[in-house]
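Next, two complexes with chain A in common: one pairs it with chain B, the other with chain C.
For the complex of A and B:
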C-alpha cells in the first residue's frame, strides 16, 4: 500500500502521576458517556495525524501510565522516541521539582538527540497554583528546551504543544538530512514508497 | 450459489463461511466498487476522523466486542455483542486518529483518539497487518 504520510514521530509523555499526562494526550473526556470496559483496561498509545507546512505527520503518542517511577522507566521505554513532553502540575510543587529527575532519567536512557519540551499543566487551576510561570520558564531555559503552560481540561495550548514539538523534530530531521544526504532518511518516508517490513521502528509497536 | 436477494438473509448468517455472508444494503451503500469505504470513518460521538475515505476494505469476520455504551444498569464490563462487518486496515499508520487499549490476552481494542469512546474495533497483537473497525460502531461522513 502506498504511504500516505511524510513523517512518523514517536512521542512520549513523562512526569509524575497525577499531573494530567493522560488528559494532555488523551483529551479530557467525560467518563459518564463511556462504558467501563475501556477505562478498566486503559489506553496504551494513540495515533494522531497532523499537518505541518504541507507535510502529513503521524504522531504516535505514548503515556507512561502506571510505571511512572524513575527506576521503572528505562531504555526499552525510550527506544525510538524522538520527542518527549515533560509534564508537571502547576498546583503540585513536587511534580515540578521532579522534572529535574525526569530529565536525568532521559539523559541516562533516551537517545541523546531526543527533542524535549516542558509543560506546566492545569493552568486552568490558577487559584491553586504552587509553581509560578516564571519558574517553569526558568527551568526550561536552564535545559535549553521550550516551555508552555497547558490546560488539558480547558483545551488551552495542548495542540500547540504537540505542534511545537513536532515542528522541532521535523526541523532537526530535515537539518540532518541536509547535512548527511547520503545516509538516507531514517524515518522520513517518501510518498508512494513501497512498504518495507524492516524499516527501523516503524509501527513495530504491538 | 449466492442468494440473489441478499437482504432476505441479513442477520441469519451463521458466519461459518465468512466469504459468503450477504452484505446488507446499508453497508453496500458505504462501499466503493473496490469494496473500500466511500466515506470517511468517524467517531459517532465526537466526529474525530478515524479513517479517510478509501483507506479500508470491508471484511466480514465474526468478533465479539464489549458494548460501547452502558445499555442497562446491571451491565457488566465484559458484556457485549458479536459483530460481523468491519473496516480492515493493513497498517496501523493508515489511521488518521485512533487509540489502542492495553492488551487483553492477545487483543488490543481500538478507541476514538479524542473522546476515547470504544471499543470501536480490535486487532490481534500476533498479526500486525490486520486492524478492524466495526462498521456498526462508527459514523460515515
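For the complex of A and C:
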C-alpha cells in the first residue's frame, strides 16, 4: 500500500462549551464558517494533510464536546494526543478562567510531554471583548506555552496556530530521535533500505 | 334666410340648419325659380349640405378622440361604484390620487406665476366628477347629431360602418395593455378601467340610439374582447412572483367581473381564468415557502429544545401539538426530543394553508371544492417543497452525525403531527377528514421517507469516518514479525465507534443497531480489501499476523455489544469471512480448503477460490522476495513447491466454477 504521508500527528481541541472549537477546526479543515451554534456531541475528528519542510504531515484533529456530560468520553482522548489546543472565548471571561482547570485536566490525563497552546478565539468581536490580549499572553507565559488570538469567523490566525503547533511537535520529535539514536536506529536503517520507496512511519504516543 | 343658416351652423345646430336649407330649397327657391341667381343658389345648397355633413363629422371625430381620454375615467367611476356596493373601499379599484403638479415656473418676462389652462381644466374636472355616472361624464350629443344628420341625408349606413370601424380600432387599442402592466397593480387598474369605459360607452350608445349598434354586434365585440382579456391576463399574471400582488389582482379581476356583469356582459370565462391563476398563486407560494423552510433549516441548532420556563413550554405546545406525559411531569429545565425546526415547520405549513385559502375567497366555490384545493396544494407543499428541502438538507455535505440523527428524530415528530394538520384543514373547511371523497395528506409517508433517507446518511457518514481511519492504516506487507499489538489507527477507530455509540443516547435502538452493523461490515470490507489489494503483491507472515491482531480487536468490539439489542453473535458474523481468510492464510491449511470445497462442513466456506488464489499468490511472492537476500533452504523450497501446486488447483477451481 502506497503511503500518502510521512507523519501522523494527533491533536486535540479542548475548552468550554461554545468557545468555538468546532468552528476553529471547520475553518482549518474546510476553510469555511457556520454561524449557527451546533454543540458537539461526544467526540469528532477531521483530518488535514499539511506540508512542513517537505514532509507530508497528516493532522488528525480531535474535536471534543465542551459540555460536562461528555467529560468521561472526551478525557479518554487526552492520552493519545501529541498536541493540545486550549481554546477560550475572548468575550467570555469564564471560559478564560476555566483554562486553568483544563490545564489541570491535561496534567492529569495527557502524556507529560504533550505540546500545548492557548487560543483566544472570536478575536473579531473586539467590541464585546472581556479578556484582554495581555491577560491571555500572561497566562500563556505562566504555563510556558504559546498563545495566539484567533477568529474562526474572520479566518484570523487559525492556519498559523495549527502550523505552529505541528512545527513544535515535529521539532520535539526530531530532537528526541537525535538524543536517542538507539531507539530510532531501526527506522534509520529502513531509510537506507533499497526496497523501501520512502521511509514513512507513524509517530504515536500511546 | 342665409344669415339664419349661418347662425345655426356656427352654433352647431346642424339639424335646424339642414331644415332651413330644406325650406330654402323646397319652399323659397321654387318661388323665385325664374331668376338666374336661383340656379347659383341650388348649386350652393349641395355644397352647404356637404359642409353640414363635414362639420358634424368633424365634431364626431373630436368626440371619438375625447372618448379615448375619458373612457378610463368612466371605467374607474363604474368600478368604484360597484366596489362601494360590495363594501370594498372604492380607492382599492381606483388609480392613486395624482400629486398636484408643481406650480409652473414664473413667466420669465413678467415674473408672475400664471395659472395654466390645463391646470384649471383638471381642477374643474376633479371637483365635478365625484358623484357623476358614466353617462354624465361625457357629452354624447355629437354622436346623436351626426347619426341623425347622416340618416336625414340618407347616409345612415355609411355612418354606421364608420362609427363601428373606428370604435373597433379603439377597442383593439384598449385591449392591448402596456408591456409593463404586470409590474404594478396600477398597471392592471388602468387596463381594466379602459376596457370597462369602452363597454360602458358602447352600452350607452346601444340604449340611446336606434340601430347605430345592435346588441348582437356588441355581444360579438365583447366575445372578441373577452378572449383577448383572458389571453392577456394569463400572460401577464405569469410574470407575477409576489403573492400579495396576486391577491390584489384577483380582487381587481373579481370587481372587473362584477362591474361588467352589471351591464349584462357574461364573464364566466374570467372566473375560469381565476382558477388557473389560483394554481399559479399556489406555485408562487410554494417557492416562497421553499425559502422559508431552507431558512428554518439554516437557523436550527439541531439540538433538542430545552425549556427553562413554563412560558417557553406553553409557547411551543400552543403552536405544535405535542403531548408527552414524561416531558409534562419532568421539572424545568424540560427537554423536548426534537429541535426547533419541528414546531417552526409545522407552523409554516399552517401559514401556507391560510395563504392558500385567501385566494379562494370570493371565487364562488363550494366548501368541498375549497377543501379539495387546500388538501391538494398542501400535499404538493409537503411532497414537493418540504420533501425537496429536507432531502437537500440531508444531503448537505459536511453535515455531522449529530445533525443527521436530530433530523431523523425530528421527522418522526412531524410525521405524528400530520394528523393534526388534517384536523386543522377540516376545522376551517368544515369537511370532515373521514368523508370518503377527501384526499388524504401524504405527509406521513413523506416524513417516513425523509427519515429513512436521513438514516441512510447516518450510516454513510459513519462509513465515511471509518474511511478516514482506514486512510491512516499503514500496513507493512513485508513485515517479518507483527508489532505484538493492534495497529494504532484501528485502536482509535474502535474507541471512536465506542464513544460515538455512547454519546448518541437519543439514537433510536433500531437505527443504532443498523448503524453499528453497517459500520462493522464496512470495517471488515475495508480490511479485506487492503489484504487482497492488487497493488500490493506481497503478503508476509508478519503482516498477516498484524492484520489478525487488528481483526481480533474488531471481533472484541463486536462481542462487547456496543449497542444493545443484537441477537448473540449477529454482530461478530460481520467479521466471519475476514476471520476465515486470516485463519486459512495463517494455518496454511490449503489441503482442507481444497478437499472440503463445496461441502457442507467446510471451515472456510466463506472464502471464495478467487480470494484464495490472490492469497496464495501474495504469500508465494513474499517468499520470492526474501529469496533475493538469502538462498532458500530446503523446507522453504518445499513450501514454495506446495504453494505452486495449491495455486494450480485453485485456478482450476476458479475456472470450473466460472464454467458452472
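Here is the rule we go by: the second predicted complex is superposed on the first by the 158 of 206 C-alpha atoms of A that agree within 3 Å, B and C clash if a C-alpha of one lies under 4 Å from a C-alpha of the other, contacts with A are read in each partner's own complex, and residues count from 1 in each chain.
One rule holds in what follows: a contact is a pair of C-beta atoms (placed from the backbone, for glycine too) under 8 Å apart; a residue touches a chain by one contact, two chains touch by 3 or more.
Keep in mind that what you see is a predicted model, and the values were worked out from it rather than measured.
Student: When the two structures are overlaid on chain A, which partner does A:48 contact: first (chain B), second (chain C), both, or neither?
Tutor: The first partner, chain B, only.
Student: After lining up the shared chain so the two structures overlap, which partner does A:73 touch, if you call chain B first and chain C second: first, second, both or neither?
Tutor: second
Student: So, does A:138 touch the first partner chain B, the second partner chain C, both, or neither?
Tutor: Neither: A:138 stays clear of chain B and chain C.
Student: Touching chain B in one complex and chain C in the other: list those residues of chain A.
Tutor: Shared contact residues on chain A: 1, 4, 8, 26, 30, 36-45, 47, 58, 195, 202, 204, 206.
Student: What part of chain C is in contact with chain A in the complex they form?
Tutor: Answer in residue numbers: 298-303, 398, 400-403, 465, 468, 471-475, 477-478, 488, 491-492, 495-496, 499-500, 502-504, 530, 533, 535-536, 625.
Student: In the complex, go through chain A and note every residue touching chain C.
Tutor: Where chain A meets chain C, its residues are 1-4, 8, 10, 26, 30, 32, 36-45, 47, 58, 60, 65, 70, 73, 76-77, 80, 195, 200-202, 204, 206.
Student: For a test of understanding, state which residues of chain B touch chain A in their complex under the given definition.
Tutor: Where chain B meets chain A, its residues are 45, 52, 55, 66-70, 75, 77-78, 80, 90-104, 108-109, 111, 113-119, 123, 125, 128.
Student: Per the contact definition, I'd like the list of chain A residues that touch chain B in the complex.
Tutor: Chain A reaches chain B through residues 1, 4-5, 8, 26-27, 29-30, 33-49, 58, 195, 202-206.
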